[in-house]
Structure formats: structure tokens, C-alpha cells
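Okay, got some structures for you below.
You will see two complexes here that share subunit A, one where it goes with subunit B and one where it goes with subunit C.
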Partner chain A sequence: MLYKIGTLLMKPGAKLVLLALAIAFPFMASNEYQVYVMASAFVWAIAVYGLNIITGYCGQLNLAHGGFFAIGAYTLGLLTADAGWSFWPAFIAALVMSAVLGFLVGIVSLRLKEHYFAIFTLCVGFIIYLLIDKWEGLTHGAIGVRDIAAPNGFGVVDFTDTTPFYYLVLAFLVFAIWFMGRLSRSLLGRTFLAIRNGDELAQSLGINLMRNKILAFVLSTVYAGMAGALYAGMVRIVGPEEANINHTFDMITYLLVGGIGTLTGPLLGTVGIVWITQSLQFLEEYRMIIFGPLLVLLVIFAPRGISGSFLTWMHHKAQSLAPGKKRKHSKVTADQKAREAESNA
Partner chain B sequence: MLKVEHLTKMFGGLAAVNDVSVTFEAGKINAIIGPNGAGKSTFFNLISGLYQPTSGRILLDGVDVTNMPSDKVARLGVGRTFQTTNLFEQATVLDNLIVGHRLRTRSGLWDVLINSKRLQREEKAARDKAQEALEFVELGHVADQFIADITQEERKRVAFALALATDPKIVLLDEPAAGVNPEETESFAALMRKMVDRGLTVCLIEHKMDMIMNLADKIMVLDHGEKIAEGTPEEIRNNPVVIEAYLGGGDDAAA
Partner chain C sequence: MSLFLQQIMNGLTLGSIYGLVALGLTLVYGILHIPNFAHGALYMVGAFMSYFFMVDLGVHYWVAMAGSAVVVAVLAILCERLVFHPLRHSPPIHDKIAAIGILLFLEAVVQMFWGADFRRMSSPFTGIMNFDGLIIPEQRLLIVVSAFALVVALQLFLRKTMTGATIIAMAQNRDGAFLVGIDSNRVAMMTFAISGALAAVAATLYAPINLVYPAMGHLVIMKAFVIIILGGMGSVPGAIAGGMIIGFAEAFGGFYISTAYKDIIAFGLLVLILSWRPQGLFAKGAH
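Then we have the complex of A and B:
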């Protein structure tokens, strides 16, 4: 029964149903606030997809991700509020800026491996926060950037309204997931996965580590910058807190819960946790008492999160239902042979 | 095929590989043996470019590959396996192998974005290659199994297949038969003969003497980073220096 539901979820049509639900959401929501929460969940989901590229697929734990989110937000904010640009040129500039800075940080930080890379990027994230907080001449320091432009609308569509903005974010999210899907199935995605399996093995397969890691890193920072710029266009005011390391850890949580290195994980994790957080609002800070142990249990028992566990379960179910059972048989004989060999020895 | 001249690798003051010169002929099975810590794996890491030698030269088909990064060496046709191979456990065997042919493809980010003809063609080629390598190691029947669900012996074969999917001219196998039972060891030996029959040059590190003596065309013995003997299995078996290195004598007995 569960397996039948599972196969339905794996069908290509499930995507369209999901998309239809997302399109219908503003009409089903009981108030505008819910639409707003969903839109912000989508914005974070885009950023988490970026984190999934470098950390989930390429295996490099990047703790500067929140910093690049803030770079996107501030680039858009400063260009529209202070330099008088309109939204879309500033949006493109935000993407370029996060790509360029991502490249520069990448060529330095990716020389380091594993924990050293994580610690280095943790520092990069903090430096980004400090620059934003202290460079008052550029960023207005703790006051933040106000009067950020909303995306220019067209015709009757006005993106300062919540619902049109929701659809705009949804369109970007669909694009982000679409590209991620294509990437993950491609030779390039497989190259990233090979690097996650191990640097030395990847090199022995002729993979240029540095080039591919930088590519994955820049892709991830562009995703982060895109999310940050959309965020700035949505809330219209940004402050140094956007670069707070807490955001990075939130995103890692979303990724782990949803399923690291999976295609649907970032969406599931982000939307799920954002709504759970909303519904636990009355608990205030104490909600971490619930989240903390849940996260620990999840990492122990389902290290690949909801999506990863589901996919593994589906695979095993499919294998056991497969006709022929040739495999089971050969395994038994192999075990028998091993036992025979042992008794002979 | 592979010519190594006066190869030395120093780690601090310690010579892990010391002035080793050797030639591996094409289409032969070449074995490297020696006690633990003799520098065998370091020797492989030098050839495959993971380590840069302190001095000496490495020539592959006459091309100097001495200071080449390992991804370039792989592209020139040096495939290798490791003592342990980390694979993506929750992915199928075939999915794990497809990337093996990546080094013979050129598709980049732009091809992914527009799903170019080239990408489609290359992905098919890589998949076919993976399938072919899997058939070669006689694991066609586990193509759709997760790596996590196959046996230890099958994992070792998958590691072989991954190296073969790179289209190598020479394969370096680091203890291919470690931890497998005698019967399986024989099947690994058969697999290596099959590789040579297909025109590959095989170079392996191994501790199982029975296997080596039956299998190798030529054996090089390393001890304390130095080459102490080289020759056919028959010559090695009767070489007093080798016997001393293995059975120990004098200062080594304590170690």
C-alpha cells in the first residue's frame, strides 16, 4: 500500500500536481500572511538548493552560505535604494556579484579540505557579517538598507502585493529546481558526486578537482545571491542580521531534514520546517527544545533525511518485488561458497 | 610502456621510495611485492601523480609525466584502484560507474543548461562504457543494486570496473585480492589475465604470494623504499636477498 503511494509520488505527473498545488496555494490560504510565509519559505528553499550543490553533491561543507545570501540582498538593496537602479538590473548585478565573490572566495578556500574548508568558510561568513555591520559608509551599518525597490511589475501585476510576489518567487524556485534536476542527472552532477566520494579517487578518474569544485561553489553562491536578492525585494529592508551565521545553520538543518544530496530534499526540508516553526511560534525560544532532539534522532536514524530515506526504501521495495529474484539466489550461493571455503581451510 | 628512472620520494628525512628504476612492459602482469611499509603504495601514488617525486623521472610511452597532476596522468591512460574505494552507497552500481568515462568527455555547464546534443551523446557513451566495464568484471547482474547491498568481493570488482571505464592503457591495482577468500582470489587472478588479454598492462601490489607467483610475468621487490630484486617469479623465489627481507635477519628482526 505504502509502496503504491510511493510509486505514484515518483511518477513524473507528481511534479505537475505539486506545481498545481503551489499555484493554487494563495487561493487556499486563509490569509495573506500565510502566502507571505510560503513565499519566504520558497526564497530560503532556493538558497538551500544552492547549498545542496556544494555540500550535498560536491561534499564540501560551506559555512559562508548565509554570507552570500546577504551579499545578494545587499547588492540589490544598495543598488536600488542608494544608486537608484531599478530592480531587474540590480537583480542581475546581485547574481554577478555573488558569482564573482564566490569565485574569489572559492579559489582560496577550496585549496583546503574537509574540516579546514568548513572552518575557513565559517570565518568568511563572519567576515562578510563584520564588513556589512562595520562598513557604515557603504552599508549604513546596523541601521541597514531601507526603501529597497520591489520588482517592476507589468500591466496590472504589481509585485509590491504579496500574491504576485509569491508567484514571482515560485517561478524562480521552479527554475532553480529544474536546473538542479538537470544538473544532478548530468555528467557534471556525477562529477560533483565523484568528488564527494573522495578527492583521490576523483583525481584518479581524471577529474580536475579545483575546476569542478570552484564551479560547484560559484553555482551555489549564485543560488544564494539569487535568494538574497529576492528576499531583499520582498521585505524591502535588510540589515546585518541577514549575514548572521544562524541563517547558514538554519539552511543546513533544512537540508539535512529534507535530504542532503537529493533533488526534493531542500524543498521538503525548508517548507516543512518553516511551517513547523510558524505553528510553534507560541513556544518562542523553547521550540529549540523540540527541534534539537528531533534533529539528533534524524541524523542518527535517517542521515539522508526524508527524501533520501524514502528513495532508499523505495529501491529496496522495488528490488524485493522484482520478478526473477535472480539476485537473491546468487547471493545465497555466494554465501554458501564462502562457508564451504571456510570449512575447507 | 612505463619507464621509471631513479625515482625518489622523501617525506621529511625519510626516503619512502629511494632511487628506484624499473621498466614495466606492455601487455604484461607486473607485480610489486615487499614487506609492510616498503613504499609500495607510495610508488603507485608517485606514478599516478597523487604525489610529486623528490627526484627521478617517470615516462609513460615516452611521455614525461613526472610532475603531472593526477587527473592529467589519468587522461593519458593510467587507471588505478585503491585499497579501499569510497563509492556512493545509496546509488546503483551502474550509476557509480558512469562517471568513470567522464575524463573522455567535454560537456560543461552550458551543455547542461541547454541539454546539448553533445551532452546527450556523451552521456550515452559514458553509460555504455560503464555497462561494458561491468560486464567485463562479470557483474552485469548487479547493475541496478545499491552499492550498500553488494558483497565485499563485488565491491572490489566494481572498483576494477571504475578504473576500466576510464579507458586506461595501464592499470595500477593496489592489493586487489586483500580480504577475499581463496576461491575469489583465483577469480581475481583470472580477471587480471583477462585484462592483459584485452591488451592492457597490469601492475599490482599484492601480499598473496601464491597468487603472485602463478600470475606475474615480472616481479619487483621493494624493501625500505629500495628495489632489492627484480625478475621472474622463479628468480625471485630463489633470491637470497628477498628471502632475507621477508624472513628477517639482523636488525630487521626486531621490527
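Then we have the complex of A and C:
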């Protein structure tokens, strides 16, 4: 029974149902606030997809992700509020800015491996925070940036309203997921996976480690910058807190709960956790009492999160149901198959 | 001149605290190759435990420090047993994420009990000594002296005792240590306990001239990471030397360059050094 529901979920049509649900959401929501929460969950999900490229697919734990989110938000904020640009040129500028800074940080940080990379990016994230907080001439310091422009509408569509903005964010999210799906099936995506599974082996296959890692890193920072810019256009006021390391930790939690290195994981984790914390308002401040141990339990018992565990389970089930097949698959190959299945999914 | 000496004193104080925190971090890294992101949270819990013992139970400063060291050492052992031990065969990204989980949990728990406010912790050493115009608060002197004593004691323990030698042996060569019958669980627990206790003592020493609050570990842990990268991950003398380098850079940078940006100095140094030598300043061989 469960398996049948599972196969239904794996069908290509499930995506369309999900999309239809997302489009219908503002009509089902009982108030505007719920639409707003969903839109902010989508913004975070875009950022988490970015984290998934470098950390999930490429295997490099990037702890500066929140910093790049803030760079996107501040680029957009400063250009519209202080320099008087309108939203869309500033939005493009935010993407370019996060790509350029991502490239610069990448060429230094990606020479480092594993722990060194994680620690280095932790420090980069903190430098970004300190610069935003202290460079008052540019960023207004702790006061933050106010009066950020909303996206320019067209015709009757006005993006200062919650519902049109929701659809705008949804469109970007769909694009982000579509691109991610294309990426994970492409040779480039498989190259990233090869790097995650073993630097040296990948290199011996002729993969240019540095070039591919930088590409993954820049893609991830552009995702973060895009999410940050959308965020700034939504809340219209940003402060140094956007660069707080806790945002990076939140995103890691979303990614891990949903399923690191999977296509559906970031969406599932982000939307799920945002709604759980929203419905348990008293949790907001102390949510980490639950999510901290949850992170630990997940990496110990279910390191592949909801999506990953589901796909692995489906795969095992499919194997045991398949008639006339040898059942003696080792766990390792089963896992590998599941991984392949999911990068095709 | 006396301003210059004052900065030397400040550098020594900061360097001592950073060195103690970095020592714990580097010991754990040497044994288990885990960058323990939760170490800053242990430091923070250490400060709050001392605060709790002194303010709520009314015990003396030294007793509070000892009590806090014991509590945090037990906490560190629990982390090793419940979290890092089960993860010993996992990919390296997993223990980093688990360490972040511990960090988030400890901060949230402390915030639940004590709130996010900044607290002031008193110390019996409030006097100020005046050496011919050079003004040294007693607490700062205490920090430098205690850190020095602890480092010497730790060195003696590691070099002169059998138990200490097991830690060194395991850091040098894991398989070799197993071959001569060293119990890795015991060594791992002991290392975590020492590292936790050092963090608690450093926090208790530093808290009276700083403030106590749930996020107090963030900056300290990041600087400790910078230090052990400078000094070579896993190296004990490297941690002490690195601690002093960062302590002095901050004291002088904060005074002669800019107070607002003094926290960036450590990270700026790290970026410079890692761009030039990706394997760290004193490390042999690439990682």
C-alpha cells in the first residue's frame, strides 16, 4: 500500500500536481499572512537549493552561504534605496555581484579541502557580517537599509501586494528547481557528484577539480544572491542580521531534514520546517532545542533526510518485489542505484 | 611607552584565552580529526556554569571554576559518546553538521534558562596594580599566569605520564596506537574531557573582564579555528604560538589601526595566510 503511494509520488505527473497546488495556494489560504509565510519559505528554499549545489552535490560544506544571501539583499537594497535604481536592474546587479564575489572567494577557498574549506567559509561569512555591520558609510551599519524598492509591476500587477509577489517568487522557485533538475542530470552534475564521492578519484578521471568546484560555488552563490534580492524586495528593509551565521545554520537544517543532495529535499525541508515553526510560535526562539538534536540524529541515523530515505526505501522495495531477479544485492550497490534513480527523478 | 606596554599586556591576556580555547580544539582535532564547531558552545556553557555557581549558589570563584570545568568536561564526554563516536566512520561532512547541531542545541538551552541578556560576572580579583605607570588589572594578570600554569601542566601531563603519552601516540599514528594496545575510546573521552575543561576555565577567567551571554562563543571559536590553522591542526605548541599571534595582532591592531575592525584582523590574517599557504603556516605536508 505504502509502496503504491510511493510509486505515485515518483511519477512525473506528481510534479505537476505539486505545481498546481502551489498555484492554488493563495486561494486556499485563509488569510494573507499565510501567503506571505509561504512566499518567504519559497525564498529560503531558493537559497537552500544553492547550498545543495555546493554542499549536497559537490560535497563542500559552505558556511558562508548566509553571507552571500545578505550580499544579494544588500546589493539590491543599496542600489534601489540609495542609488535610486529600479528593482529589475538592481536585481540583475545583485546576481552579478554575488557571482563575482563568489568567484573571488571561490578561487581562494576552494584550494582548501574539507575541514579547512568549512572553517575558511565560516570566517568569510563572519567577515561579510562584520563588514556590513561596521562599514557605516556604505551599509548604514546596524540601522540597515530602508525604503527598498519593490519589483516593478506591469499593467494591473502590483508586486507590493502579497499575492502577486507570491507568484513572482513561485516563478523563480520553479525556474530554480528546473535548472537544478537539468543540472543534476547533466554531465556537469555528475561531475559534481564524482568530486563529492572522491576528490582524487575524480581527478584521476581527468576532471579539473578547481574549475568544477568554482563553477559549483559560483552557481550556489548566485542562487543565494537571487534569494537575498527577492527577500529584500519582499520585506523592503534589511539589516546586518541577514548575514548572521544562524541563517546559514537554519539553511543547513532545512537541507538536511529534506534530504541533502536530492532534488526535492530542499523544498520539502524548507517549507516543512518554516510551517512547523510558524504553527508553533512559542518555538520560534527555542526551536533549536528541537532542531539541534534533530540534526545530530539525522546525520547519525538518516543522513539522507526525508527525500533520500524515501528514495532508498522505494528502491529496496522495488528490488524485493521485482520477480526473477537476484535478491543478493549488497547494501552499497543498492544505495548507489538509489542515488542514480534520484538524480534521474 | 607605557601605552605600548599596555598593549603588550592586552595582547598577552587575549593570547592566553585564545590559546587555551585553541588548545582544546587542536587536541580533539589531533585525535579524532573532527573540527569541533561545538567547542565555542562548550566555552559559553563554561561561563554560564561559573556564573550559576557563583551567583545562584554563592560559592567562591575558584570553586565555581572547578565546578564548571567538571560539568563541561562531562558534557564534552557525552558529546563524544553520543554523537562523535557513532559518526566515526561517516563522511567528514557529517561530524561537522552534527557539531553544529550540538552548538545550536546548547545555545538554545542556555538561552531558555538565562535569556539572551548580557550579564556581568564578578571576580574576587578586582584590584589594579600599578607598576611605575603601567596599569595592570589583577584579573588580567591572573589570566596570563593561570594560562601559563595550565599550559605547563598540560605539557607535563602529555610528555611525562603514561596516560598523556597515549593521547600523543594516538594523534601521531592511530593504527600504531591500536597495535600497542591503546584503548581508543578511553583516549577519545579523555581528550574531550580535557578540551572541555580547558574551555570552561578559559571562559571563567575571561568572563569577569568581558560579558556573559549565549552568543559569546561565536567569535572565540572562530578565532580559535584561525589559530589552529595558523599553528597547524593538531599541534599543541602551534596552538599556543598561534594564540599569541592573534592576541597581539588584535591588541595592537585594535589600538593602532581601528577598534571597530579589530575582530576582522584575525580573519583577514587567515584569508591572507591561506591564500598563500593553503596548508597552514607551520603545518608539514598538505591536507
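Operating definition for what follows: the second predicted complex is superposed on the first by the 321 of 345 C-alpha atoms of A that agree within 3 Å, B and C clash if a C-alpha of one lies under 4 Å from a C-alpha of the other, contacts with A are read in each partner's own complex, and residues count from 1 in each chain.
By our rule, contacts are C-beta pairs under 8 Å (C-beta built on N, C-alpha and C of every residue); 3 or more make two chains touch, one makes a residue touch a chain.
Since we're looking at a predicted model, the values are computed, not measured.
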{"item": "Which superposed partner A:T191 touches (first subunit B, second subunit C, both, neither)", "value": "first"}
{"item": "Subunit B versus subunit C as contact partner of A:V299, first or second or both or neither", "value": "second"}
{"item": "Touching partner for A:L61 - first (subunit B), second (subunit C), both, neither", "value": "second"}
{"item": "Touching partner for A:R287 - first (subunit B), second (subunit C), both, neither", "value": "second"}
{"item": "Subunit B versus subunit C as contact partner of A:F179, first or second or both or neither", "value": "first"}
{"item": "Partner chain in contact with A:L215 - subunit B first, subunit C second, else both or neither", "value": "first"}
{"item": "First, second, both or neither for A:L122, with subunit B first and subunit C second", "value": "second"}
{"item": "Residue ranges of subunit A touching subunit B (in the complex, touch as defined)", "value": "179, 182-183, 186-191, 193-194, 196-198, 200-201, 203-209, 215, 219, 304, 308, 311-312, 315-316, 319, 326-327, 330-331, 334, 337-338, 341-342, 345"}
{"item": "Residue ranges of subunit A in contact with subunit C within the complex", "value": "55, 59, 61, 108-109, 111-116, 118-120, 122-124, 126-127, 130-131, 134, 245, 249, 252-253, 256, 285-289, 291-296, 299-300, 303"}
{"item": "Subunit A partner contacts - residues on subunit C that touch it in the complex", "value": "29, 33, 35, 37, 82-83, 86-87, 90-98, 100-109, 111-112, 218-219, 222, 225-226, 229, 233, 260-261, 263-264, 267-268, 270-271, 274-275, 278, 280, 287"}
{"item": "For the subunit B and subunit A complex, residues of the former touching the latter", "value": "48-50, 69-72, 74-75, 79-80, 82, 85-88, 90-91, 95, 98-100, 102-103, 105, 107-109, 111-113, 115, 119, 122-123, 126, 141-142, 144-146, 149, 151, 153, 162-163, 166, 181-183"}
